[in-house]
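The two complexes that follow have chain A in common; it is paired with chain B in the first and with chain C in the second.
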Partner chain A sequence: MAASRPLVSVYDEKGQSTGRSVVLPAVFRAPIRTDIVSFVHDQMRRNKRQAHAVSSKAGEQTSAESWGTGRAVARIPRVRGGGTHRSGQGAFGNMCRGGRMYAPLKVWRKWHRKINLKQRRYALVSAIAASGVPSLVLARGTIETVPEIPLVVSDKFQDLKKTKEAVAVLRKVGAWSDILKVYASKHTRAGKGKMRNRRTVMKRGPVIIYDKDNGVKNAFRNIPGVSLLNVERLNLLRLAPGGHLGRFLIWTESAFKKLDALYGTWSKKSQLKVDFNLPQPMMTNSDLGRLLKAFEIQSVLRAPIKRQARRKVKKNPLKNIGLMSRLNPYAGVQKRQTLLTQLKGRRTGKTIESKVAARKARTHASVKARRLSSVNLVKITKKQNAVATKKATTTKSS
Partner chain B sequence: MQHDDVIWSVLNGQFCSYKQQKAKTQIFCSNEYNLTGLCDRRSCPLSNSQYATVREEKGILYLYMKVVERSHYPKKQWEKVKLHENYIRALKQINEHLIYWPRFVRHKCKQRLTKLTQYIIRTRRLMLKKTGKQELVPIKKKAERRERRHEEKAFVAANIDRAIENELLERLKKGTYGDTYTFPVNAISMDEEDEEAETDEEEEEEEEEEDEQESEEEMEYVEDFNESDAEDIEDMGDDDDDEEIIKALPLTKKRSLELEYEPAVEIPVRGAERAGIIYCYATRDSADDEWHVDKLEFKATNQPYSYIFYDRALRRRLSPPETTTK
Partner chain C sequence: SIAFLVTRRQKMPKGRFDQASSNVQWMVIRNNSSFLRKRKLGTFTTEPNNLRNRNTFRLNGLIHPKVVGVEAVKDGKGVVFSTGSIKNIKKPTKRFHKVKLTKDPRRTLTTIRRTIRKQRYRKDLKMAALRRASALLRGQRLALTTPTATTTGKRAGKAAAATTSS
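This part shows the complex of A and B:
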């Protein structure tokens, strides 16, 4: 809903821009809601269906009955009587050959769908808006040879009577490559539709939207892919085929001008539709990237948290020297001293550890001495001493 | 309205014909103006109203630029700038043209320029080799299979064996083999059985002779002639076309390359009233000589009589032929 609305130039049958231009109708600014279009399209597509069903008697025309248990056969109902292959065969079940299907199709299925008027109109309006966005039209698979989107052609279009002329005009206007694509896309349908009079399938080409039919219909209808619509009766199934937005539309000038009257602008209601105005968009400006960088928003935001404080793992100071020294700086000093004295003691034999070790050695010796005979007493003691001194010397040297 | 975000949400969510998801990990964009080749918000040429690419055409690099102002004119959307041949100068050019543009676009353009220059160098080098000039063409399995089948069918339809046979027989008749092949020739009339090899010319000759003689024959064999028969003959005269068509039919069920001799060539004929066979007796003096038709006899299929409508012995120098009554 910008303040100003751009001008769309009108092209003549030679593909040149006439001097004239039309103000872009407000419909083209309507919100583009793919979800609504998709839903409505889906519902609308069901409305052309013809009822079909399976015969209600199918598979039920037997008087079969189950043989019950005790006959070494499965318990499905079986055909009575004898004399044919058929007798004794299973019947009635969906699993049986010649039986009725699961959930036989009924005619009273709900074939058509009611769609709320407002929804229908919303979808249509979205489709028209989408057709005015070149990117969407290109993405759907149209061409880059068009001079302008939305493409508005002079009213002379409506007076065309011959298909030859129509083709020539399409060429000049840059729409022919689209139709060539349609030709290229013609192929045989996959599936049973082939034998149901729906043999060929092809792409959809441009739509010609006119105000008054002075021959347009007849001129264009034989060109493959082209659809023709009267402005007053626009069809969502044609504007968004397959539920996809952005079909290439060619408007005649008077048709284009009628859009404002048909759909209204936000400030003015629609004149031709009862109680209808264009839907309000959720956001007036949907350029999110730009918005977020705008001063008005940035000035109100708090500073971004670049580094978040995380939960700290508690470490044990008795094991973690770093932590210990942070808590008690003297601890470091203490520890160093003990280490040094330990080292010293190992060499001199004066530390607690060495003293303990020496005591152990002595007791061990006495125990051993008691066990052995008195004959070896002297020798042993001497040996022990020798071992003790050896120990001392080795520790000294280490 | 041209809102990039809206467009992107539509294209990404709904449908974009350029979106290629052939691999599970990566989505590609087949739009020829795409900078990176990937389908994502920043690289999509459709959902970025201000966009630029570097593209290569026939060894020359161009910078393409697109701005919002031109977004509604698909034909004129892209501004094309030819980049300098020198790589460093081209880089400078890009910097110039995309001076206040988003960093991403500028950066990618330069990257693309680098890659493309390398590619061009490689192509040039490759062109100097033999492999460069070879064009690799993919083998299309389906097409190949189809073509092979068509070939087989065409081969069968061509009847090469028969064509060869005919050719050989013709040559034999013409006498190109001279005396290499000698076949016993009966003095009275010797003909090859099932002579399809009879040329059109010869046939026409015979027909002409037929026609020419008809008038005279009519005079000679008044007794034999019934009006119905006259009609027959005239019909036969008209049957040239039929005959030639019939000639093509397989008379040749008893075909063999060895030439058997029986008195007559049988030419099946069909007309408006009835069908029958023309028996042709011909002789030639030597292998070099042409066949001379001695007798032409017609016998209708369901009738007892056969009519000789040409006899060489009775032939006279021809003056302007009298037209036969029809």
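This part shows the complex of A and C:
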């Protein structure tokens, strides 16, 4: 699937599709680089800062001197003189009450950042591309009442003069739910900004991007959340607020058509920017699914290992009967016999009389006879044999 | 992802491709989305067509052209089964083909199962879709049978989920 440049239909102020359509500008196929956008946004945000500093005299307007050692007090400089509370109090240090702060703020801090032109343009181009991907726009938080993404509206938008008309148009075009979201998000700022004329905060709504301002600005500027941008002067801080891609953009037809001239297509350089062409992507094909199934890759892979031979746990045959039987098939039989004899012993009643009777019955002769008669008895080890014969001999002798 | 052998030799066509494949979109969205809910219990998403509300590539409801969604019918019985049309990815209002399945559960589940299987439409989501439908239908059933269904605990939660989810 080569980089298709499909047709985008143009919608009128009633939200209906006019017959016209525009070819998708190549910018929308540019690589989407969140890292570059994040970095450039971060740098750009610093550029609106105003210098602030602490007075250089703060905390230094005393002639305090340390009392030195031997006075049972800490060695910080102390205020001279007498007759007032202040005398003898610590001065100058950041830890002292009324002292200067640690590293007093200076006006000559580097407030603004210079960003390379190429990076700035790359970020912008990524932001525009991301705004054309429906999932990114929806993930950022637009609601799905929009007829098409990217949304292109007829140039009549640019001629709107009244906010009332602007609102009606936004409703028809499916963007009003975004603005309701903005209304719902109005709240008091957390922090000191409250008392510094920055009391309320709210979310960002759609951006209207126009080519020629015949009243658009005035019509839309009072609607909360709406940002207005001229195509030729797009602002990353508005296209990717918070450094996050996917703000909902509404393009007018002529603005949309200008994008190819502004940013170029890969085969043609930009006409309106000096020495700029769209950035090359790192991967020509980023569709991992298709790549993995492609013949070029599949033909070079070895067959998949479906069953991996894993570490075998060694089991103890003395505890594991199954394993024991595999090693010594007779073990099963032995075990069975011992169990049966044990059970036999258990089944007969263990009264004292029966025990006595049993012991009486166990004469040497009977035991020996039993030992010699049966063939399938337990194999007696040499030790056992020696002990048995010893027993026999000792008893014989006694 | 499991690589499988292709019998036909599909060679990759040459040229520049659309940069915003689902994988690229995933890299943008995975940690950064209005639907993301990161809690101690786990990471979840509330996007509309995620069958398990889990934040994973496969289950994501926004990224893929082919998408399966199952939601409860608002204030009523049954389930809305939505599939994403590949043609209309750029048109959010037309994208989903939604079917209301209001007959008995067996028929609902069969419809879902057959649609996914016969169309070979995201077979990997079949079980997830069935389970979700099953759970939603069960919630609706419980909401009806228990007389004091609106009182406490799990049942109330299920009933609330059944009626308010979608």
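Note that the second predicted complex is superposed on the first by the 301 of 398 C-alpha atoms of A that agree within 3 Å, B and C clash if a C-alpha of one lies under 4 Å from a C-alpha of the other, contacts with A are read in each partner's own complex, and residues count from 1 in each chain.
Keep in mind that, in the parts below, a residue touches a chain if its C-beta (ideal position, glycine included) is under 8 Å from a C-beta of that chain, and two chains touch if they have at least 3 such contacts.
Quantities reported herein were computed from a predicted structural model and do not represent experimental measurements.
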item	value
Joint occupancy of chain A by chain B and chain C, clash or fit	clash
Touching partner for A:85 - first (chain B), second (chain C), both, neither	neither
Touched partner set for A:136, first chain B, second chain C, both or neither	both
Which of chain B and chain C A:244 touches, first, second, both or neither	both
First (chain B), second (chain C), both or neither touched by A:144	both
Contacts of A:29 with chain B and chain C, given as first, second, both or neither	both
Partner chain(s) touched by A:319 [first = chain B, second = chain C, both, neither]	neither
Chain touching more of chain A, residue-wise (chain B, chain C)	C
First, second, both or neither for A:292, with chain B first and chain C second	second
Shared chain A contacts, counted only where both chain B and chain C touch the same residue	2, 6, 29, 32, 34, 129-130, 133-136, 138-141, 144-149, 174, 244-245, 286-289
Contact footprint of chain C on chain A as seen in their complex	1-4, 6, 8, 29-32, 34, 129-130, 132-136, 138-141, 144-150, 174, 244-246, 266, 281, 284-299, 301, 304
In the complex with chain B, residue positions of chain A that touch it	2, 6, 28-29, 32, 34, 38, 129-130, 133-136, 138-141, 143-149, 174, 242-245, 286-289
Complex contacts: residues of chain C adjacent to chain A	1-6, 9-25, 27-29, 32-35, 47, 62-63, 89-95
Complex interface listing, chain B residues touching chain A	1-7, 9-11, 13-18, 46-47, 71-77
